[in-house]
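Order as written gives the chain letters A, B, C, D and E; numbering starts at 1 within each chain.
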């Protein structure tokens, strides 16, 4: 059973993915129930495991591909943190996507790849060895491509091309790093940090840099972030997936794994690579915000906001102090909840009111109140207002920065707060304070679109409000850090 | 042993039978016997798996008088891969090369040539005798050239002739080496040559044989015949030519360098071989980028992919004994050969489907076909994953093993080429994929039977599966692995 | 599992009740009459304050562990805040139009209220920050309620500064929390001065609180936002909300640090300069706003000096200033000259109280504040009576003038009566409540306010001020736009319109590298055609054979 | 000594053939040169096989096989040349028509 | 004396070869090539390799020559028959050629004299007396089997070079022979003699010199003459007997090998007792196939063009 569970949890999305591909376009009922069923089953399994893992259990499944190429699936607390997020959001996004697409063509392909994407994310989260991490990382890259290209029009295809143009060299760098490291240390299992003494410090730094380039593409670290705003050409559920459920999260998660389970925080500090990475993350935070300011398309602005926000996670990991780590980890969840809310809402604005540009938001607060409330909550969470989720992460990051002896982090956080406010508040201002254009239309009579947004918005409030509770993401992140990376 | 004989002779028997059969019975017989050969290949692999290498002294005469055949893990794996590809090609060709579609000439000609090619491949995989290998390679070349010329167009004939010239020149160089080897040692058996008394002429013999085989394996800069030839042949034939034929001559290279004369290997020569391979990877990739026809892209991709194989020379065994993937490079290159075979065959078969559907393989005409022929588009994409070396495909396992040993051997530039080649592959394979996935089909496509569409999909899936289940082929490849592949040249 | 809460639930109820009421407009049926719940929202707080504000709630699971308990002096401030919000709520319920906007107003009013109360109840920094953010940011909606161009512009300035303040505050609190390794305000306060970055943290806190408290030169938003907000909004802003900044200073600034002196200097500067600058204003609410800046300056001075009477002073000021602002609304609603003069009388009474006319609540507040103050500062406080009289006298004049203009909209007599009684009630409280609380709050003898010296110290500045009022009535100062130093920043306008880089730049760049790349590819193709010719390829093949043989031969 | 003469003749034939194979564009000539190289190699091989005390039969057998194989290849090549010429009118590879 | 003879012979061989390479005109080159083959055959005889000499004369010189001549004739009809050799020396090619020649020349002197496989002791068990035949049909039978398949592959390759429209036409171009001319008479007179000679070569090959290939070639030549003389008509590709004739040699060979495997002796293992007869059967079958195949190789793919014109 302990071996079956990780596999089972992977299969809950892999099987729907595989079957969906072969479903006829118009078998909506079967497809929807398959995908939703998978999601529900997965959530159930995760809840079960949450309790078990909190009690100290670990689950492991091994599949040796070739000597040294070990596919190891392992449920630890960190993995669970990530998959609970992705599973929850998968479920909601599926509901949302079903409503979003209605009876548009190529749905079997879409949902197939969508589930595959989630399966890849799950696998990535559960990976217990570098090589399985890489395998799922790539699977994620590949399964995302058709989603970005889904509309098959020129912008989508070009976005998809840009995506691959960033992702594949990134993978090459990652593979390079993995192999360089493993050629000296043997296969790297996350449970058993490798002995790095075989490599000289310069080589280790180079390996670290390659690792960061590799996962940094996914995490949209500046200057590897160009694909993310471009990918906005994709439909809203895909954006939700890219920004919250899977892709950038995978990158950030990768950074955490690499720092804590491959190199080990102590080594990262000893090598002196943590601070440059933190600096890079900070640059990304600021740069993403600045670029977000310049966008007049809602989704583009949100995309740059993601660039900025995801680097919080990287920052937390790079600072390599327990509190920063907690902040980074919890932001993994928090950013996901908030950003998916924002993208859900952006999709609703687009789909139900035809609003793509920021100027179109004028007065939408009256027309689409639920959506606008959710959007506002998401935005304020991003700014870091208490008691919303973003505040908690930011607070821990700040404390962690001080703990790590990097007080400049506070400046970065403050600047980011200000910039976030600068690019989000005008949106709220338009939503609520400005009169709607005379020809503005729109309504939110689409519960399947609105409810997921409401749920995630509520969750974004809830996880902040109940942060100190042991079952909150913060509680879980603290558990991870104290149990697995504690002194 | 009986499986070995079946694998060796059944393609021949079938070829002869097909010549005598009426047109109606041709395809069923070929398919039935293909199935039998696949089974026999499986049985042979099992026999090797359980009992170690299977040896057969033909006619009961042991070397140096007679010819020895030996199925080690490598040969068994290649035979298995070839059988799968051949079976798949036969399945696809029964739709594609029907007499009413392509005429009685092609409808007849393809089948015996394909079977002769198969026979030649299996003969080469198994043979341990240098001259017997020469005859086998000649049979292979003649059948391959004939397949290239099958379509009968002027370009195809020119491509076939060019191929012929390269192949003949290669054969002669190889023959020269064989002559010197026998002249110096009185034997042609690889096993006996391994324990020979070294002679001064051995270097010349190995050099000549190697150069000849390079021309046949289409290593840069002797690849120039390959793209027009592979692109000019009918798609099922291209699949065979690209997926299997170069592997045979490469296998002989391996036999020579790792089994017959490993003592000769010198650093500089190894470096030259791998450097040519590296250039091939880049050059093939770059030229694939500028092609406008799908089959040419795929053909140049073969040039690039074959380049990886040559990293085996400086890397094999170079990773020390500490790591669990000892002999990584050797096994990695073989994985590359296997997975490339499956994926490349799948790719050419998809190209055949597109040509059958719209009558062209220009990228511009392929737009939107993923919607019309989703299974085929999916197959192409899967095969592309293998060629790019992305996990969890066989191509990835190959690249991983090669890269690991490149690092372990301290020769990281090869790893750079491996990584860069993957990116380049992504770039050149992206163009057809993007075209396929573009919004609207411009040309009305003729319907393609689903069974035909399924064939390349199965092959592509196999190439992925090779990565997912790489432990089994990995272990199989270790059986009878020559010692120099463990300790390095 | 820890218990969900421990301690008394009273402090929690104080906060939760307004939040619940804030949800009322969400129910469509109730939205129409939602304004009517406004006066109810502060009632638990009032009760809690009246009961002595004792009791602690600990909610370990909430946020990062919520501790609620009245801060020192919290009872006074809570009570004051509750009173101000109650009366302003009544005013709003009477004066504002109902409708969708009103629904929003109710929601954010209640949220602001909860935040305002929370500031006085927070025991840990996170709760404090939450409350502070709530009161700061939700008040944005109060500022822009009227959605006029002016209100929106004011809102923009307000939110900008509020967010800046939040950011500064966050930095300060994080530094403190990191140093204390604890989230309790008391620990943070104790840890801050000696923390590695303690001084930076303190500076950040002062900036954050200073913005809220209208500390010069961070007061910019006050004179702009107050005139723009609806009257009840201005009343709570000036009466209660700015006190959040003050309490922050009191709570977090350690005793005897250099920052106290800084506060004193800034406070005194604001105390006098803002009052004088107020005389240049024409809008009575702007004049009042400057008066608030001035008064807050005095309170900051008191806080900086460590006076125990800050809360007591703030109590009076809150009630009085809220009454004055409400008077502006009352005046607007006044239809008859009698109503106008009644309004003026009330306003004048409150103004005199604020100026510190002996025996008024304001005089008591000043006396309470002077207690234990260095003589020079006590003198300054006394002197401030002059400027306060001046600016509030000017206010009364402007109020009168303002009223002389035709009312924007005719209002019924019921409305006037209602809002007038509210203002009058607050005025009465401002005059009287300090007497009631005198002993408890200051610990001074009951006869202290009526001592001759004290009476004199209260009286002469008022008289001097009245003379000054007479002067400026004759020679009015030139009008200045509200927001004084803001004019300096006009050059920096367009902060939101970040310069957009031309999006095509990168593309052009890409194109410029694409051409050579393309050429290289074509070269490669030509080279390939060249190599394809057999004579070359064949020679290469023979050469390769011989070279390989040579290489092998040389090595052996 | 005779053997050496034959062997060196074989080597020279190979050289001649290689030259012709590389330098001559007409494909029939190339086929002849290919045969020259082949027979030169066989001659060398035959001489080598005759060095021992007894004449070694294996090289002879191999040479016969080789001759047949060479004929087969020549036949296919000739067929290709004729077919190409029938379609293009030239008995040379397309890009080598005007080879120097 | 013999050395001088050998030297002279080799000089001749080289001279003719040089003329083949450098001579002007493709036709002349072909003639020189045939001459070269004949001189080479003499050289083989000088080396004591009579089987090879016979093969070289029959196949290397004779059949290849006919093949080239026939091709040249067809090319000439397409105006592609001739191209003057490029003027001047192609230096890279010359260097490459010289390099190869020198390398092989050097190798001759560096070549050790190894121990060769002991054929003599194995010969009695091979079933034949001629060691070359023993090697070809017993010791290295697998080579020979593959070789017969190579021939078949070449034939198939040549066949598919037909144009689609010609596929069902008779094989090869039409030969015009004057009735009563030399060729016709020759064609009537030669075949019986050639047939006898060819069969003899196969029969004798077992123990003396000759064998299936040499015999088959003679028979093929006979067939060709008969064809050219219009004594027999060219068949079509679909002609079943033709295909059977092409296939029978390899088929019998393969069958023998498989039967041996089936009876447990091992693939292509001929029990010494039966070896002689089995080899004879195989040789007979092979001869038929070789003769037919070689002849068909020379006449080329089905071609309707020559007939209609």
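Methods note: contacts are C-beta pairs under 8 Å (C-beta built on N, C-alpha and C of every residue); 3 or more make two chains touch, one makes a residue touch a chain.
Just so we're clear, the structure is a prediction, and the values are computed from it rather than from any experiment.
Colleague: If you average all the Cα positions, which chain's own average lands nearest?
Modeller: A
Colleague: From the centre of chain C, which chain's CA centre is farthest?
Modeller: E
Colleague: Looking across all chain pairs, point out the one with the most C-beta pairs in contact.
Modeller: After counting contacts between each pair of chains, the winner is D-E.
Colleague: Counting only Cα atoms for the centres, state how far chain B is from chain D in Å.
Modeller: From the centre of chain B to the centre of chain D is 28 Å.
Colleague: Taking the mean of the CA coordinates per chain, how far is chain C from chain E in Å?
Modeller: The computed centroid separation for chain C versus chain E comes out at 106 Å.
Colleague: Roughly how far is chain A from chain E, going centre to centre by Cα mean, in whole Å?
Modeller: Taking the mean C-alpha position of each chain, the two centres sit 72 Å apart.
Colleague: Nearest whole angstrom, what separates the Cα centre of chain D from the Cα centre of chain E?
Modeller: 13
Colleague: Check each residue of chain B and list the ones that touch at least two other chains.
Modeller: Within chain B, residues 65, 131, 135, 138, 142, 145-146, 149, 152, 157, 162, 165, 169, 176, 183, 186, 200, 204 contact more than one other chain.
Colleague: Spell out, as numbers or ranges, the residues of chain A touching 2 or more other chains.
Modeller: Within chain A, no residue contacts more than one other chain.
Colleague: Where in chain E do residues touch two or more other chains at once?
Modeller: 90, 92-93, 96-97, 99-100, 103-104, 107, 111, 116-117, 119, 139-140, 143, 147, 150, 153-154, 157, 161, 163
Colleague: Which two-chain combinations qualify as touching?
Modeller: Between chains, contact exists in these pairs: A-B, A-C, B-C, B-D, B-E, C-D, C-E, D-E.
Colleague: What residues on chain B touch chain D, complex-wise?
Modeller: 65, 131, 134-135, 138, 141-142, 145-146, 149, 152-154, 157-158, 160-162, 164-165, 168-169, 171-172, 175-176, 179, 182-183, 186
Colleague: Quick check on the complex: what are the chain C residues that touch chain A?
Modeller: 1, 60-66, 100, 104, 126, 129-130, 133, 137, 141, 144, 147, 152, 155-156, 159, 163-164, 166-168, 170-171, 174-175, 177-179, 196-197, 200, 495-496, 498-501
Colleague: Per the contact definition, I'd like the list of chain B residues that touch chain A in the complex.
Modeller: That would be residues 319, 322-326, 328, 331, 368, 371, 374, 378, 385, 388, 390-392, 396-397, 399-401, 403-408, 412, 415-416, 419-420, 422-423, 426-427, 430, 434, 437-439, 467-471, 474 of chain B.
Colleague: Residues of chain B touching chain E in their complex?
Modeller: Residues of chain B touching chain E: 2, 5, 8-9, 12-13, 15-16, 19-20, 56-61, 64-67, 69, 103-106, 108-109, 112-113, 116, 119-120, 123, 129, 131-132, 135-136, 138-139, 142-143, 145-146, 149-150, 152, 157, 176, 180, 183-187, 197, 199-201, 204.
Colleague: How about chain A: which of its residues touch chain C in the complex?
Modeller: 290, 293-294, 366, 380, 383-387, 391-392, 394-395, 398-399, 402-403, 407, 410-411, 413-415, 417-418, 421-422, 425-426, 429, 432-435, 464-470, 472, 474
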